[in-house]
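Below you'll find a set of structures to go through.
Shared chain: subunit A. Partners: subunit B in the first complex, subunit C in the second.
Let's turn to the complex of A and B:
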């Protein structure tokens, strides 16, 4: 049971990191970034190559940093000029971007799935209540929860975080109050891209690295974001861990069918609380 | 909100000016109909021009993808709702047809009718949950529903029905209009069928768009609250529109199954929904025939650019989507149409209805 709980936590905390990145861009401009999954996959492949060539720890530092920089530049160079467009048009533009990134990965790494061993201090296993458990998964849990808490406290306690929260409520009003919302958007894009990078690097030694991993997890992360309620980090955290728990216990008790649980959860939430979801998303 | 209504007001005035130009007396509308009937007739003759079997195969594929795109674009054009889950109806209809004929041993006609009936039933059920949401929320929910069915079809438990990753070879029994499996896999025969379906779908969607119901949909798109304020129900019309669009996607799916007589899980994947969306946007989902042209560009482009094992197709598509959305969001057909209207207006300036009133 403890093992299952830990597996759920590991999977859930990865989902949380991804969902946070999605929710932040979404909260600010109402834009759903279809490229998020592709960035995650790209980071996983980069982590694979960097780990084989130099070190996993270098990848964990540089990949998110570089992606954050890319996010900042993409927002300043492209999205800034498209902000007046309908969010759905921007979403389709990001869909095009996802196709481009996916194809670049195929051109560089090919379509073959890759596997990466856990990095040095965490390549063994530890005993959890008498059962051996891979220590890398514990590291994933601790690291991603630390990142999530870091982002949450940045939003809660820093001045910039205050501005982000205000802008998520009402972008125009925040701009009127004297906040440089263009810069704010760029910073949020940077953080969001960086989070996709963190999740991608973390997942590389945890699961198989493949081309379709991004598209697959994007839909699950989307469900986490929707079920948890956008803009609410606590809600996303609970939804991510709960979904991880349902999925992992389902894998044991109802093999196969459990792959459907995220969708069932979403549909049930949709039936029980339709206005809640739609209302939160649209504002 | 104010921005969009001002935009639409301007658009409406422009539309009035445009139709005022064309309207005097009615007879001037008729040449347009002659042209349209002529185009439909010429369409049946396409195999005379497109002679190679591979080229014919391409135009059949383009027609099927185009019909699918027409279904997806209908929701965008009339309601501004972008679905990313219509593979559910395209692939669902294809698989239902395949399962009814292969496992159920049904003849083509009952299998086809059951598959399309199933699409309508599922669209009603799914739609009744979905159509309360709008905007990006609707898109995300359609994506989730589509992935639900895609995942379901790939499970080991449903393998006996769907064939899982191995795919489903469709065994067809009996005939449809005297045609058998052999005829359906022949691109020349299939083109005639597809073109007939294209004509019917275009006509049906056009009539729906012009009807009072179509106007109601557009009113909902522009200002749902006001429509409700006027005393109209806005839930049911949107649901009906959703079912219509799903049915068109389902018809395309059945055509796909008839033509290929083999199905793989790809037809249910969200990338299939994405392709329909891409061809609609590239061709122009605000025009009647845009998705068809988009599908033709997509299919022919794919055949020309993907050769010799090089796999850069996605890159081109991605760039094309970005370029079209950023610089010509009306799509290829839409932009050309706008250009044409602008040129004609320059030649004979319309009566300035706006300023004199």
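Let's turn to the complex of A and C:
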């Protein structure tokens, strides 16, 4: 049971990091970033190469940083001019971006899946109540939760976090109060892209690095974002861990149904509580 | 702690509209059929042999789908340069699909309805092949399947227009039989992907080993395709306390499973691990040393000592920088047999070709093979092997390969097959 709980936490923490990035950029900028999965996939491939050539730890620092810079530039160079457009146009543009990223990955790395060993000192297993458990998964849990707490603290306690929260409630009033909301949007895009980078690097030693990994996880991350409530970091955290638990429990007890459980959960939550666990969607 | 993230400025209607639009776009690879074509050479003397090739470009099995999409134009050019069929040349058109059964059907419908193709091959999962089989009569389509292995395709759902150039699951398990019995293991666990192939593989393995006195197989585990986290299954395997493990996971799923099982230290706990379709050259690098010592069915031996094979392997290696593996070889055999049938009949019409291919025996890179008249299942030898260290590269490769005679590979014709 303890192992299954840890499995749920490990999977849920990865979902949480991805869902946070999606929720942030959607929340402030109204950007349905369907390229989020492609960024995650690109980061995993980059982590694979950097880890093989230099070090996983270097990848964990540099890949999210570079992606954050890319996010900042993409917002300043593209999203900023598109915000007034119909959301479907923006969503389609991000989907087009995802196709571009996917093709770049195919050109650079080819189509064969890659696998990366867990980095030292987390390349072994530890005993949990007598059963072996991969120490890298424990690292993923701790690191992901630390990142999530860091983001939450930034939003709650920093001046910029205050501006972000204010702008999310009323963008115009925040701008009238003298806050540079364009810059705010760019920073949020940078954080969102950076989180995709963190998740991509973390997953490389955890699962297979493959071309379609982004599309697969994006759907689940969207479910986490929706179930959690599009405006809440706490809701996203609860939804991610709960979905991880449900998935793992389903794998063990209802294997034939486990693939459907995320969708069933989303339907039930949206029927019972249409705003998600802690969301505040305007209607 | 529950600080609010930025609140969306959009209405629910806009959200739904946006999501629907983009989710629709995500199906676009499927909708954009016939995105590439290759005539595989030019200068035919007669009417071309027009073949639609459909193959998955996403999903757990996409690595194989993409390999077939690379192979098909090469194979067409290779065979056309060798003279084609009495001067007739192969003309291919590629129809990618997204790995889902519905999209494969859509690709096939498009090839037939819009472009008038009457011959189909490519890369197919068992579920896709079963669905396409149901439409062959309606579409007037000849389907030569080099990949799907579910037993039922040449059993309960066999079809006069369906021919299979890959051994079925049960034939692959027959290939393993002597090797597995020789391991002397009396308790097994099993993990197979949750689709027709995986369930057939588990059933056939259970029949195989439970025929030995005192041997048991634990209830199978069937994770869905493209599963990202096998942790819960691995924990259950650990708890079963068996001595052997049987796997029926392929492609990216095989990589993920073996990598995660290695991290748990599970692989060392079994005295032997046996797999069908779990190991091949496309996943060797990714599985790495976790694969050392595993037993399986390579499905093809590039070192086969016949002139056709030697020339094919030489040309393939020159083109792709590695030797071909079983999926590429089976696809090539499909085209070889089709070409030979066209040469015999001087026709590219499904009815004439189906008549010729029924019970057809011809030379291929895998030697002289037959498409059995009763069920259209290829009859040929097969190979049992073990993953060993590749001293030249430091990686892993098939080794200790043993050829198994076609009579020992063969299964009886299913009583459920009614042509």
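Operating definition for what follows: the second predicted complex is superposed on the first by the 272 of 283 C-alpha atoms of A that agree within 3 Å, B and C clash if a C-alpha of one lies under 4 Å from a C-alpha of the other, contacts with A are read in each partner's own complex, and residues count from 1 in each chain.
Keep this in mind: a contact is a pair of C-beta atoms (placed from the backbone, for glycine too) under 8 Å apart; a residue touches a chain by one contact, two chains touch by 3 or more.
This one's a predicted model, so the numbers in the text were calculated from it and none came from an experiment.
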Three-chain arrangement built on subunit A, subunit B and subunit C clash or fit: clash
Per-residue contact with subunit A, leading partner among subunit C and subunit B: C
Partner chain in contact with A:173 - subunit B first, subunit C second, else both or neither: neither
Which of subunit B and subunit C A:32 touches, first, second, both or neither: both
First, second, both or neither for A:215, with subunit B first and subunit C second: both
Touched partner set for A:155, first subunit B, second subunit C, both or neither: second
Which superposed partner A:259 touches (first subunit B, second subunit C, both, neither): both
Contacts of A:118 with subunit B and subunit C, given as first, second, both or neither: second
Partner chain(s) touched by A:23 [first = subunit B, second = subunit C, both, neither]: second
Touching partner for A:107 - first (subunit B), second (subunit C), both, neither: first
First, second, both or neither for A:92, with subunit B first and subunit C second: both
Shared contact residues on subunit A - subunit B and subunit C: 30, 32, 87-88, 91-92, 95, 215, 222, 256, 259, 278, 281-282
Parts of subunit B lying in touch with subunit A, wherever the complex brings them together: 80, 82, 129, 132-137, 139-141, 143-145, 147-148, 151-152, 155-157, 270-271, 274, 277, 281, 311-315, 317-322, 325-326, 329
Residues of subunit A touching subunit C in the complex: 3-4, 7, 10-11, 20, 23-24, 26-30, 32, 34, 86-88, 90-92, 94-95, 111-115, 117-118, 125, 131-134, 136-137, 149, 152, 155-156, 161, 164-165, 167-169, 171, 188, 206-208, 210-213, 215-217, 222, 230-236, 247-248, 251-252, 255-256, 258-259, 278, 280-283
Residues of subunit A defined as touching subunit B within the complex: 30-32, 82, 85, 87-89, 91-93, 95-100, 102-104, 106-107, 215, 219, 222-223, 226, 256-257, 259-260, 263-264, 266-267, 270-271, 274-275, 277-278, 281-282
Contacting residues of subunit C [partner subunit A, same complex]: 1-12, 14-15, 17-19, 21-22, 25-26, 58-60, 62-63, 66, 194, 221-224, 226, 228-229, 231-233, 235-236, 238, 251-252, 255-256, 259-260, 263-266, 282-283, 285-288
